[in-house]
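Letters A, B, C and D name the chains as they come in the text, with residue numbers starting at 1 for each one.
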């Protein structure tokens, strides 16, 4: 592609997340447009395409990936479809932004990692948007500055107002806790070696059978401790808070996001965020803009990603698998992962 | 008195403020007891005395002051009674804690200052309790440390939930603004040289005719600027906030007093203080304890006060008088004060 | 233009502000590109154009405005050039985003307003970016909700780390205070009827002769009071804070922007913003994206702006002119403005 | 004793804590005086007694307890001395404020509880001062109000700047964590049924062999989850923070205690508390004043305590014993306690 032409993106899956990305690419992102949309429900894709200038529907996701007028792919399909679609992207050399999860199990995630490694080019970026959130980036920068010394502990809070009716206890691990898994790996710059899930007395407001809240405990390879409260039926707010405790000091983010200080009779208050799009909207914008920029320059430089890669998706899958096992047993479970060095990564040649 | 005997205090005036001090001395303060109470309404004094072990009523305030079994006096009578009672205290050599105002006009305040100066001993302390509040003291210490450089500006906020029905616009100056006058003099360590009161569109919830809120502007002798919002019918909270802006930085107190951070559906909030006793209860306790300690050791050392003195009361009266004049004219009014050096103060001999 | 084509913008003036907008349009904004750059220093324009795909230099600003391959104009030239360039935009029917000031004096600002009114189409938007800042928008929404009652008072703080060497006392009014003028008009939804500038003892760190800090007092047409601290040589931070006090409550923004809470030996701290681009970068992004969107749809709808208009620029000029006069006299100065109804605005037909 | 006479207290043990209480009773508390001091190091007691009017040394602690001119006892001796001294207080019917621990092991603590129960009168109060801290009381009141629903989770942070050289890993449980044990029981109003201590990679600044930080996990009888970070060699601050998460909302205390907001070049900061006396000084004052008041009225009412009792001391000992066991094994340990109903408490007759 030429430098001045807009990147032509195929968005596969236009549920809430995918549709949000279509709007983002169309209205907010510089240098890209949605050229193709695809969804299992064809009518949904068609309705959306009709509102986007120059956008058409391709009914088969693999055709969309192979389409010569598609420069890059954004994968927002359900998890079970990811493996096949990612492998198709690799086959056709198409850069792809894959919403989490990479795939739905550890073995297929590793397979995707290995296939990309054989290719010698990183084409897959995984959609852990928090890495682009200004607060998380400031916290990461502070850690890297050494001002807090090496980290010893990490405390995470992850609260949602509510979850869809079909949400089950394992999904709390795979869909909610997974973000804290990535935050841990990103901030501490180590792998997670074991996981334990504790399920206290459940919230009576949670749907029957849902173990909510959950407390997750991680140990990292060097022996740091991480605890996470995941509580997805608070009825209160979307509240994501992270405190890192280092050898020389501590730092916290996420306490006051979006607050006006209002004083009304007897209370001082502030509206708090209710949705993840409100809390992380800016992070998504930055994530997608930087990915588009990376892909555009990638056709020249050979580097198509600017963020978490397939390995990060594999590692998250391995930790979550251990988490789901612990959810059943209540015991601490060791995370089973291959050594990164065992993967013939393009970087290693 | 001997070191181990409790200081015997006569409390004159047992309205809300005086009664509060009686309780404080009886239940909270070490080394003192209320020996005598007095009030214009004798029955009120009698009812109160009956609840305090070893306390009796003296019907004439001047008799109470003169009483040989009274070591010190706490004056919580209405302002117009102060002049005569203070002069009696001076005459009988009785240490006295005088609730603001010193007297009700500038001339008599100066007269009291002069009479005490002739005596060669400071017996009068004035009840500006904020000087004992831990936050104000921390702010004063920060200023004196030089970390902020010399101050340039002071912003004050003084908000009440409501005022009694008889409160008029001049009382906002004399009863509310007067605290900010003392805070200004205390923090900036300079006299106030001019005052302007601005009266914006009044709060429709304020009683008919009350100019509320008011904005007061002070200039100090070296040219610092002070602005004060006084708003006494907010219906919201008792909110006292002070920000000093110096040549090298700024500092603020009073923003979050008394807050628990509560997250409930959609809002993060905290209860805020509604009364001055809640906000400054600890300051009153410290003020009276330190005064009692000073008086007890004063019989040995000759120094009977530990806080703002009669001159501070006079200066506040002079500034408030200029404020009341400005309230009428809207113009900036110069504060008329004698030079402190013209007073033959005991310190100067 | 067709819906799918990018808007072709000519950026006139590529100093710090203009160059920042060129980067923004090129890298962040959806649906637009910089087609033409122009600067008094031609080499500067040429160097910049060379880095932007499809961008060329046009040496004469009026040629750039007239260019048929330019859809819209962004004016970041020095203030004295604005009048002529704005009139050219009106003549050629080119939508224009004009960085403040509209023009450098009240009379020519009014002339621009009148000429646009005759045209019957609003083409001019003025770059008061704070109206797009999420915090200010939340505050405005809160005010409009009625939860605080009608506003009575507005307190504004505007602090800069430093200013360029040539900055003089009147520029504090025209370049810094002007933002608070617009914020006042935007939040209170009234015109400012009088202005007074108070100049306390100046900061010794300010350049010789610079009256800094300044205190500005505004009265609005209905009698609300506004006070503003403008202090542009703090050496500390870029700190913009706004508190509105209403009949039923108050609200404040700007206190904690950009804070991580860090605990290190003896202090809890957070980095604070040092530059206006850090504080208002997001506001600029939103401002320009919404303007681009409005202009693109404007060729269909006839409405080319989405934000403050020429009248807002004129009103700000009138208030600042009164401010500069007050800076000299120290007196309260009445703002001289025509009635808005005297302008034959396109809206009124 | 008569209502007007000061309570005569014997303070046993005048190390840091005991000496602090002697000063408190002498200078701050109303209605009491230190009549007797005692210490293993007689000279230390003698030096202190010499500074307190009317205070004498009694060399044998049991004589001090038995002394007819002692109305009540404050026990600040080392833990191993407590059992014998508490039993002596019971024998002589002397009300006693016992600094933690009640005794040094679970069996003797239970013995003390049982002996007091046989007596039919509660004479023993245990010095868990946090129950008197205004923030904790506000949090408890909020919980009891039902506004947050029933609690589900409790997160506690307990950080010290440093510890004495002899401090070992078990003392972190028994001397530091013990406060969080009491806070848990106080706020959640349930017993703790199991404890697990996790020891992550230790702080390299901690003395050789000290497992610091430690993470403690509690389960309560109804299945609530509590996690505590105890980190006693931070080098940073004395930071005690508590967040309760309920079915309808959450609340946090301890985040900003003692903060002035200071803005200096590039950072906004506040001094944070370095010592527990600074953080909990007011709590100690309230605790001792209320205990003195209770004892004074107790000679009339038969109720000599106003705060945590011997059972609370026993329960804390039982939880800490389980904690020390878990510290060694790393496993979750069940707390072994008798049923409260098995104690023939005076309340039950």
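Side notes on the structure shown:
Simple rule for what comes next: a contact is a pair of C-beta atoms (placed from the backbone, for glycine too) under 8 Å apart; a residue touches a chain by one contact, two chains touch by 3 or more.
Just so we're clear, the structure is a prediction, and the values are computed from it rather than from any experiment.
In terms of the stated touch criterion, the partners common to subunit B and subunit D are A, C, listed by label.
When every chain is reduced to the mean of its CA atoms, the largest separation from subunit A belongs to B. Subunit D has its Cα centroid 58 Å from the Cα centroid of subunit C. The distance from the centre of subunit A to the centre of subunit C, each centre being the mean of the chain's C-alpha atoms, comes to 37 Å.
Chain geometry summary: the mean Cα position of subunit A and that of subunit D are 45 Å apart.
Looking at subunit A, one finds that residues 235-236, 248-250, 255-256, 259, 263-265, 271 touch two or more other chains.
Of all residues in subunit A, those touching subunit C in their complex are 2-4, 6, 25-31, 33, 53-54, 135, 138-139, 142, 147-148, 248-253, 255-256, 258-265, 271, 282, 289, 293.
Subunit A contributes residues 152-153, 155, 198, 200-201, 203-205, 213, 215, 217, 219, 222-225, 227, 229, 231, 234-236, 245, 247-250, 255 to its touches with subunit D in the complex. Touching subunit B in their complex are the following residues of subunit A: 161, 235-237, 239, 256, 259, 263-272, 274.
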